[in-house]
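The structure that follows is given in the form of structure tokens.
Naming follows writing order (A, B, C and D), and every chain is counted from residue 1.
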Amino acid sequence: MSKTYTDVEQMICLSSRLIEDNRTVFVGYGMPQIAAILAQKLYSPNICQVYEYGAIGPEVATPFKRNMMADARNSYRSFSWMSMNRMMAQAQMGYIDYGFLGAAQIDKYGNINSTIIGKDYEKPKKRFTGSGGGNEVASLCWKTIVLMQHEKRRFLERVDFITSPGYLDGPGARENAGLPRDSGPHRVVSSKALFDFDEETKVMRLIGLCPGVTKEDVLENMEFEPVVADELEQLGPPTEDELKILREEIDPDRVVIGRVD
Amino acid sequence: MDVLESGMGEVLLQDVDDVREWMRDKKTRALEEKVMDEHEAVRKFVNDGDYISYDLSSMVRGPMSIEREIVRQKKKDLWIAAKFTLLDTTLLVGGGCVSKIDVGFAGLGRPLFEAIENGIVKTIDWSNGTLALRHLAGAMGVPFLPARSLLGTDTFKHSGAKVVEEPFTGKKVALVPAINPDVAIIHVNQCDVYGNARVYGPSITPLETAAASKNVILSTEEIISTDEIKKDPGKTTIPYYMVNAVVVAPYGAHPGTVPGYYSYDSEHLEEFFAARSLEELGEYIDKYVHSISGHEDYMEMVGGEARMKELKEREWIKEGYY
Amino acid sequence: MDVLESGMGEVLLQDVDDVREWMRDKKTRALEEKVMDEHEAVRKFVNDGDYISYDLSSMVRGPMSIEREIVRQKKKDLWIAAKFTLLDTTLLVGGGCVSKIDVGFAGLGRPLFEAIENGIVKTIDWSNGTLALRHLAGAMGVPFLPARSLLGTDTFKHSGAKVVEEPFTGKKVALVPAINPDVAIIHVNQCDVYGNARVYGPSITPLETAAASKNVILSTEEIISTDEIKKDPGKTTIPYYMVNAVVVAPYGAHPGTVPGYYSYDSEHLEEFFAARSLEELGEYIDKYVHSISGHEDYMEMVGGEARMKELKEREWIKEGYY
Amino acid sequence: MSKTYTDVEQMICLSSRLIEDNRTVFVGYGMPQIAAILAQKLYSPNICQVYEYGAIGPEVATPFKRNMMADARNSYRSFSWMSMNRMMAQAQMGYIDYGFLGAAQIDKYGNINSTIIGKDYEKPKKRFTGSGGGNEVASLCWKTIVLMQHEKRRFLERVDFITSPGYLDGPGARENAGLPRDSGPHRVVSSKALFDFDEETKVMRLIGLCPGVTKEDVLENMEFEPVVADELEQLGPPTEDELKILREEIDPDRVVIGRVD
């Protein structure tokens, strides 16, 4: 049976269900933007999206345009338009419940790399965008949700470069570094599975499987071994409603969500 | 309050009193007309080796016409503050103008990454938030500001921040040093001939960047009268005495957007992003920068009045702007 | 970055992580209606011993109706942040509500000074600028911010600031500790039922004070719809999730002014300032606070609709407001 | 010959002539407000007044109302309306050329007291308003001009309380304390005389006499001995123009400028 939806659609739909309603959500660049729009249209109409470019509570206009952040559509019908320093200050103050980020690599403590691949900073094998606002989101929001393509080269024992902090090297490390108390990675949504973090060890923990994916399939495609929950939730596929809104309203050109081959 | 850790990144440190002296002696409080064309503004205020900061970008309200002029005049060895940047960094790096980038968000696309991977430009990694904060420090006339981000990461190690235990409650905090750029380039919606400027919509750091910078070039969609400014002072984002040059540049953010005014040019952007290497980007730059004399020619080249009208119509959201 | 000198003034220090936790647990992000009357707002959110901050004053946009209610409810032992204050401090001290004042500007008039000279209230001297900065620190979630004022003065010695040599360029700077008030009281021009609020005109620290404070009471000249808020988000000074209570209080700044809306009541102010001792001020307070039940009665007492219309007409400047 | 103008008028007129045109002026509460309005109407139309409450460049509406600061008249036709932290930041950055303050007491180094009289801070003999924005103005603007009633109890060897810094205890003291380089008191305008500060010693220096005032008269009414310039300028009385504007336009009720007995 061939899949009727893409990996990206899977990730977006799954993550859109994770945001509680009536919460503030700091939305990062890329996939999280689309997931937040979907969440607000379908599951949590009263989340208050906030963006590093200063929009508070926009009802982002659709269709969504690729690479766009901070334009009139992204800022449409906000409660307030502020500026970057003010938004970061509010996250630092504890006003922002969720952070919502994409990443190139993640490690077992939820540390995110979006800077370089390779160990030579001066001459990296591969250079990415760098932190953007990701470091602030992962440092300052209460609960961070990360969206990741599930590939072995992306789920690492230790990322080459910690761009944005997860639990660093384990229990107590965030607090020791001076990061806000009780903050940190909350969920990782991959194209195969859902993870939280083990309370005791702060290591990523497998808690759910996407449709048609086995535990072995998940583990084989990770460099490190996550904690595995006693019971694994069977995650639902994208619903018809979700796909309809994604494909018809949010991304009709499928520039982000892609097409089923 | 000992320094517990120091990032290794290079920082352009300036004595706050030297900066104050510059603001006193080199910026005027007189109501002088500052309107000039882009050639003159860049010639006068951008020098090889300068530290340059531009404001909100990500294809939104970026000072593209001025950046193209910087490339056209082949400025060299610039150190740029890349907070929230997409087109801008790529264009300046592609034009061969840049030697160092303070990275918040390094932008998208292979050409830029190729330049970094090959060591053509050097990066110093920060984050959008701490780069914005460094501009705020620069705009407050203090040597640093504290933050609770960066901590514990490699971003910190490669930045020029420091960690201290602060003396009031004993918390570990990061201190980020002020930035006082040599030049700020800011595209605004409206300003008067003296530089009293309005920026509509959410923003990164237009005021902070203008206040902190030793020279400020505004490009503006339109000039309005000072009387109009004075009738609605709550709309003025940047006061005139921070500004050195005003360049009239309608559609100056093209191919990006000015929210509420005109949409980005998605067709042109595809051409920009089609450049998958520095070489291909060079061809784009030859065509759209070096082969023409300035912004007016550029606008003709990308479709003239008719195209602009189209982009204006595409921008159906007007609420909250103007 | 050793501490070179410490002011002796008492400071209400709070752990930034405790404050964060409060903001997470005690302020809601839900769109809940927060409209209540002044009695309920003060009963719910002002407690004896609280640290209280109000915003812009000097007879301008002061939250007078709420302050009268605080006096009416005989709140005790308050510690107040008196930045840029004229009527407010005097009223609260006269009402017997205050035990400590962080002084920026202690206000005018003998009764207040009498209370200080007699040791009835304790002062801790700062300056308007550093009190504003302390609120900004509180609103940024950092334990302190640096400043280049206070230095070298007795104001510093009696404040709770510290002097350090900063680690980037070796400058001596003052560090001022964050304020996170228990309660902020802010009079605004317009807000919706959730607390998305607009403040027109120049301002002291409405956003900083709202952001930094654990409980925020807004009084507002009028309620507008959320739809109206969303049509012009650039006008929103304070977002709803910082706010705990919205009190509808037209002419709530009386006898002060709300710029662009109504003029101050100079005749009534003369009566206020005629009180040359705590005793005389007590008589004023008996008459205008304790003898009546609330803001509605007060407005009747000072002249009702007719008087309000007059004060509105006296305010001939409208440009730039609304 | 009885005087045809008040001491306050003398001070206001004299100080209004001291502000260079085309400069930013941070205007303090009280008399300086009136002097700045007069300056702008008569001598320096293009000064840019700035106020701690956030107004930049207002054309302050007249008549001036006593005790008023930050109302619609004070903010009329500004270039920009900002907020206190932003104004203080701009002064700290070096954007503000002149500071313009009143004070209760001043000492030989130009230190200002507007806090208490007496040595017991807890139980002062007399309490005043405290710094207001005065500490920032005197610390951060380039050149401070102070307006003072000329009385012996106001011109002291050492003020009881340094609210706002002059040259503290002499040459180099401001810089040693960390205050901005090359800033400090510029002129003191009293009801009898004009002072600057001796470059070498930073002690207040008598440089001009008001009409009908002798050097002895000035010195007798000061607790400390100022440096005296070799030549003393004979300062003009309020001009007809000045008085006309003051009395007819700015303060017709004479609540600040007072009346000649």
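Here is the rule we use: contacts are C-beta pairs under 8 Å (C-beta built on N, C-alpha and C of every residue); 3 or more make two chains touch, one makes a residue touch a chain.
For clarity, every value in this text was computed on a predicted model and none was experimentally measured.
Trainee: For subunit B and subunit D, which third chains touch each of them?
Mentor: Touches both subunit B and subunit D: C.
Trainee: If you take the mean of the Cα atoms for each chain, which one ends up farthest from subunit D?
Mentor: It is A.
Trainee: When contacts are scored as defined above, which chain pair ends up with more C-beta pairs, A-C or A-B?
Mentor: A-B
Trainee: Any idea how many Å lie between the Cα centroids of subunit A and subunit C?
Mentor: That gives a centre separation of 40 Å.
Trainee: Suppose each chain is reduced to the average of its Cα coordinates; what separation in Å results between subunit A and subunit B?
Mentor: Chain centres of subunit A and subunit B, defined by C-alpha means, are spaced 28 Å apart.
Trainee: Approximately how many whole Å separate the CA-defined centres of subunit A and subunit D?
Mentor: 57
Trainee: Rounded to a whole Å, what is the gap between the Cα centroids of subunit B and subunit C?
Mentor: Inter-chain centre distance comes to 36 Å.
Trainee: Note the residues in subunit B that touch 2 or more other chains, in rising order.
Mentor: If we look for residues of subunit B contacting two or more partner chains, we find 16, 141-142, 147-148, 171, 173, 201-202, 207, 231, 233-234, 319-320.
Trainee: Quick one: which residues in subunit A touch 2 or more of the other chains?
Mentor: 55, 75, 77-78, 81, 92, 140, 180
Trainee: Pull out all the chain pairs that touch, please.
Mentor: A-B, A-C, B-C, B-D, C-D
Trainee: Quick one: in the complex, what on subunit A touches subunit C?
Mentor: For this pair, the touching residues of subunit A are 22-24, 46, 48, 55-57, 59, 75, 77-81, 86, 89-90, 92-95, 97, 140, 142, 180-182.
Trainee: What residues of subunit A sit close enough to touch subunit B in their complex?
Mentor: 29, 51-55, 61, 65, 67-73, 75-78, 81-85, 88, 92, 111, 115, 121-136, 139-140, 161-165, 168, 173-174, 177-180
Trainee: Taking the complex as given, what residues does subunit B use to touch subunit A?
Mentor: 56, 58-60, 83-84, 86, 103-108, 112-113, 116-119, 122-123, 125-130, 132-133, 136, 147-155, 158, 163, 171-174, 201-208, 257, 259-260, 263-264, 266, 269, 315, 317, 319-321
Trainee: Contact residues on subunit B for subunit D in the complex?
Mentor: 16-17, 19-24, 27-31, 139-142, 196, 207, 211-212, 226, 229-231, 233-234, 236-242
Trainee: Residue numbers of subunit C touching subunit B in their complex, please.
Mentor: On the subunit C side, the touching residues are 1-3, 11, 13-16, 141-148, 162, 164, 166-169, 171, 173, 175, 177-178, 200-202, 231-234, 319-320.
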